Amino acid sequence: MTVKIGLIGCGGMGRAHIDRIVNELSGAEIVAAADVNLEAAQAVADSVGGDAKAYGTGAELIADPNVDAVLIATFGSVHTPDVIGAIEAGKYVLVEKPLATTAEDCQAIMEAEVRGGKKLVTVGFMRRFDKAYNEIKALVDGGEYGPVLMVHNRHRNPSVPESYTSRMLIDDTAIHEIDTMRWMTGEEIVKVRTDSVRKSTRAHAKLEEPIVLVFYTESGIRIDDEVNVNLEYGYSIECEVVMENAAARLGDQEGIYVRDVHGDRNRMCQDHNDRFHGAFNAEVQSWINAVAEDTHTGSSSWDGYAATAVVDAALASQEQGGTEVEVELIEKPDFYA
Amino acid sequence: MTVKIGLIGCGGMGRAHIDRIVNELSGAEIVAAADVNLEAAQAVADSVGGDAKAYGTGAELIADPNVDAVLIATFGSVHTPDVIGAIEAGKYVLVEKPLATTAEDCQAIMEAEVRGGKKLVTVGFMRRFDKAYNEIKALVDGGEYGPVLMVHNRHRNPSVPESYTSRMLIDDTAIHEIDTMRWMTGEEIVKVRTDSVRKSTRAHAKLEEPIVLVFYTESGIRIDDEVNVNLEYGYSIECEVVMENAAARLGDQEGIYVRDVHGDRNRMCQDHNDRFHGAFNAEVQSWINAVAEDTHTGSSSWDGYAATAVVDAALASQEQGGTEVEVELIEKPDFYA
Amino acid sequence: MTVKIGLIGCGGMGRAHIDRIVNELSGAEIVAAADVNLEAAQAVADSVGGDAKAYGTGAELIADPNVDAVLIATFGSVHTPDVIGAIEAGKYVLVEKPLATTAEDCQAIMEAEVRGGKKLVTVGFMRRFDKAYNEIKALVDGGEYGPVLMVHNRHRNPSVPESYTSRMLIDDTAIHEIDTMRWMTGEEIVKVRTDSVRKSTRAHAKLEEPIVLVFYTESGIRIDDEVNVNLEYGYSIECEVVMENAAARLGDQEGIYVRDVHGDRNRMCQDHNDRFHGAFNAEVQSWINAVAEDTHTGSSSWDGYAATAVVDAALASQEQGGTEVEVELIEKPDFYA
Amino acid sequence: MTVKIGLIGCGGMGRAHIDRIVNELSGAEIVAAADVNLEAAQAVADSVGGDAKAYGTGAELIADPNVDAVLIATFGSVHTPDVIGAIEAGKYVLVEKPLATTAEDCQAIMEAEVRGGKKLVTVGFMRRFDKAYNEIKALVDGGEYGPVLMVHNRHRNPSVPESYTSRMLIDDTAIHEIDTMRWMTGEEIVKVRTDSVRKSTRAHAKLEEPIVLVFYTESGIRIDDEVNVNLEYGYSIECEVVMENAAARLGDQEGIYVRDVHGDRNRMCQDHNDRFHGAFNAEVQSWINAVAEDTHTGSSSWDGYAATAVVDAALASQEQGGTEVEVELIEKPDFYA
């Protein structure tokens, strides 16, 4: 069965998903596209050929009986109504991170999903599908090296635009480590602290960066995350997991090494598509396959909610100048057990 | 348009191709399978669902009007009639390496293709689609580091079965480096020598290995290839290209590093699927896309012929105890220019 | 001129210094040895041949007119009287870290030195003489990559004896990073925090480890130091300095790489002599050369004092369960400017 | 006992040895210097202070009763009379490589030494004292990975002067690998072949480089050596030893890694002092210690002779355009067993 997908949000991320579904992945086709900018939606619909429809709202696209499943790539702040709409229509939805920008909205989504009685929402945390992160998780889960004691993360970007704010260090950037650490340790994050760092002169006037976030999980695992978005040299996602008897870390995806006047060196990735192209493909393919089999895969609404709750605590710590803040979580519904 | 593929040869390699086409790649479906063992063909046909047909011969499958393109994964020694059959039926064909096991057969294939007037044959040298090899080739073609002077190759396997013969060191194993080196340097190999090496006690009685092959190209580039198929630690494909101002080499596809009592280490690949899964997918996807656009892609019949001619010269050197042997090539038809 | 050295403290560290002075370094000889255990002192004196003297107290050795310079390798808690004695005798002294175990004692030493009007005390922080640390410092001082924003340190040991206490994580182990960071950044550390970490089951009952120390310097550089003394795999001193445009880190002193069934790996150092043999030699040779030229070299009494003051603040934080503690420093005497 | 050393040959290499003996090593002093340029000898004598003597000939220096041992750092072509002179005077001699430039001269030296009945000659093959080469040799000798089958060497320099000739690729550069391979495998080299390589445009008109030498030892170990003296990026001595179950290789002495816009990289050494400073020190210190104990250490006259015999065979192969040439060795005197 070929899964008929409708895309809501025809910006860069949305078009990148279209491109992989049409040209690289198996088992799905695009039958509709929606965007507040109807022309953008029409352009996407035309690009996929066939008789794909274009809509000006997510609601119309969700209502299209020809749409089996919905892919949402709009801004996080407007996700909620479309996610709930898809749930109420009984359609599977893959929604880009964050699930929503407030814990309240995430709870509303979970309530709708529980009400519907079926897990339909997958949040687009693609790192869970990265080969290297999975190799580390396999070592952790294998237990051969004992329990995890600490994790050191580095989220480094070559630069960010003027529009990038201090708040985004946490809710747009660190949110990836927040989800990945919950997934890798299998524990909730219970408290968080933000540490200031001598400010980079590469950062624009209103951006206070880099920062270091320090998280603690239920069992006391200490996790730090250096968020450093002006480090010139590239997009470098580093993660070292310290177990009792060993430490494991992500490589740089070293395809090749060059030995020249600069030394013996490997290239750095330059952006998230460069680094996570394979993970994005694996994520969307696994979603397509799951939908075709009428099952759920990937991050759930609870995962989206928990990540947002940790973000809220981190933002509170940032506003309070770095005090330690407890993460407030509602009790986990059995539905998500 | 969805490309309708027929598979000839339902062994492990054939089934691996089916698996990627059905579950990982875009734009194609399997409509027929052929094998001298009709039951094996039927099993593959059933596995892909739909109403795929099963045949006992390649000729029947090629004749099936529902088959757009043919994928041949039988033993090299029986490739020729099916490749020529596909050409005469005007159907694109992806044939696993080697194109054929004798230069004469390769020439017969080229004659049929030239007669037909259309490039239809792609030889399955998947390394041309490996990301890392392509990154090195980009450095070579870019010319920033000057011309290539030397290339050092290592083809290392953890072990081989009793059935693996000294001859296979060249026509089954080194043939990959032979094609990759022709492709990377853009030159034909004009002479070859085989150097003996102290024999490994890990090799069975009749297998004289490891060996080192030394090739020279038209411009005098020296290429060596250590073929070492009992080196226990894994499947390690190493290649260092020495240009005038730099040297570039393949990495180990280091996804992660582990630091434990054995030191700071990265894992070795264990077999060719482990190392070249991405290259196989890229190769077959590019072939599907090319067929859909009615164009040719990848290695041509000429490439298949030239590789076989170098293999013949290397085998002659091996039989003569290591003397240097000239490679005999017919003049290249303009058709393949 | 050959420097005539007297050794106070004939334990393992003292004998290691004797060994390097006699067998590896240039320009000095051992003329006296002192130890509360007179037999140990006599054994050392006999081992160096000639007519070296043995004493039961440091005071007697310092008083020996044949002794040009004094090397103190006793426990930190008993350093003060011998250091002050050497100062008052006008003799250069190389004292193993820490200079003294309380800030008060360090101040008494500085007062004696200032009174004497001559810089005579060198504290044995050997990392300042490590080739790799110096290469990183050269990058920092060169300024090509902009100012330092953060430093990540890891102090990892394979195991520690039952006698090793939680307090020693700071005053015996982390003190090395404390001095090295002051030296590398050229700034004082102004506040410190100790972060708890999920306890390793490899640590004995009364040892709360690993821990992470977080330091801030005058300009706001954030420095963390993972102190992890039961990590099985080896003695691994890691340091990554994050500047505005680059990050630099210590290697593992990779002499060789081995590629076997465990992967592609380099060996880990197993103890501080293994890792810092060259630094110890360079430190003592530079001291010998300086003494021969009647000049001071290496860490001063102020450095010894400042490190001890940071240790005191870190211990206070540890006792208070991880609160941030300000470092209290007296005003720096011009004498040490 | 302090060893009193006389230096013959006060050029750069000679002065480098003086510098290490005076400033870095233990147990020796310079009491005399000789050079055909008497002023150069006088300058060296003055530089070491004391009442070191200066001579215009090696013979005078050797005759000086105050000289215990002789260090020869003249051109290889004039070594023989001084080496034989030192032997006849019964004085230990450390002679820079090569022992002599002809097999005949080497035999004359051995005859003098055998006649004298005492092993007095050490040839300056410093790589035998390099820490990394010794770590690989320890793996080879340990036998854990099975016998050595192959060795791949790379001798790469950033550039060479106009005065550097094709012949020097072998007798000045490759001679280091020739000695190191004999030492590491514990076998004589029995045949050698020189392979041409596409010429580097970085090489001056009369220099035919790079070249690859291929050696075979008694047991059939195949050894190749890429001699590539214009590879811009640095002085890179690479060696990979392939055993039956593992491969071991030299690292780049990675002190630190830098991560910047050029990628993740380590620095390359730039010359032989940079790479082998520690080996030179260890070599000369071990010689001083051996002389003090009236024993022999390091490479013997036989080693110097055998290396020169292999060089002669390689030069013959080079002249004959790459034919394989047998190495002619006299029977090894029991004296050197």
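In order of appearance the chains are A, B, C and D, and numbering begins at 1 in each one.
Going forward, contacts are C-beta pairs under 8 Å (C-beta built on N, C-alpha and C of every residue); 3 or more make two chains touch, one makes a residue touch a chain.
Quick caveat, the model's predicted, so the values are computed rather than measured.
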item	value
Far-end chain from subunit B, centres as C-alpha averages	C
Pair exhibiting more inter-chain C-beta contacts, B-C or B-D	B-D
Centroid distance [mean C-alpha coordinates] between subunit C and subunit B, Å	58
Between subunit B and subunit A, distance of the C-alpha-averaged centres to the nearest whole Å	38
Centroid distance [mean C-alpha coordinates] between subunit D and subunit B, Å	45
Numbers and ranges of subunit B residues touching at least 2 other chains	232-233, 245-247, 252, 258-261, 266-267
List of subunit D residues in touch with subunit C within their complex	21-27, 131-132, 135-136, 139, 145, 245-261, 266-267, 278, 285, 289
Residues on subunit C engaged by subunit A in the complex (per definition of touch)	146-150, 152, 195-202, 210, 212, 214, 219-222, 224, 226, 228, 230-233, 242, 244-247
Parts of subunit C lying in touch with subunit B, wherever the complex brings them together	232-234, 236, 252, 258-268
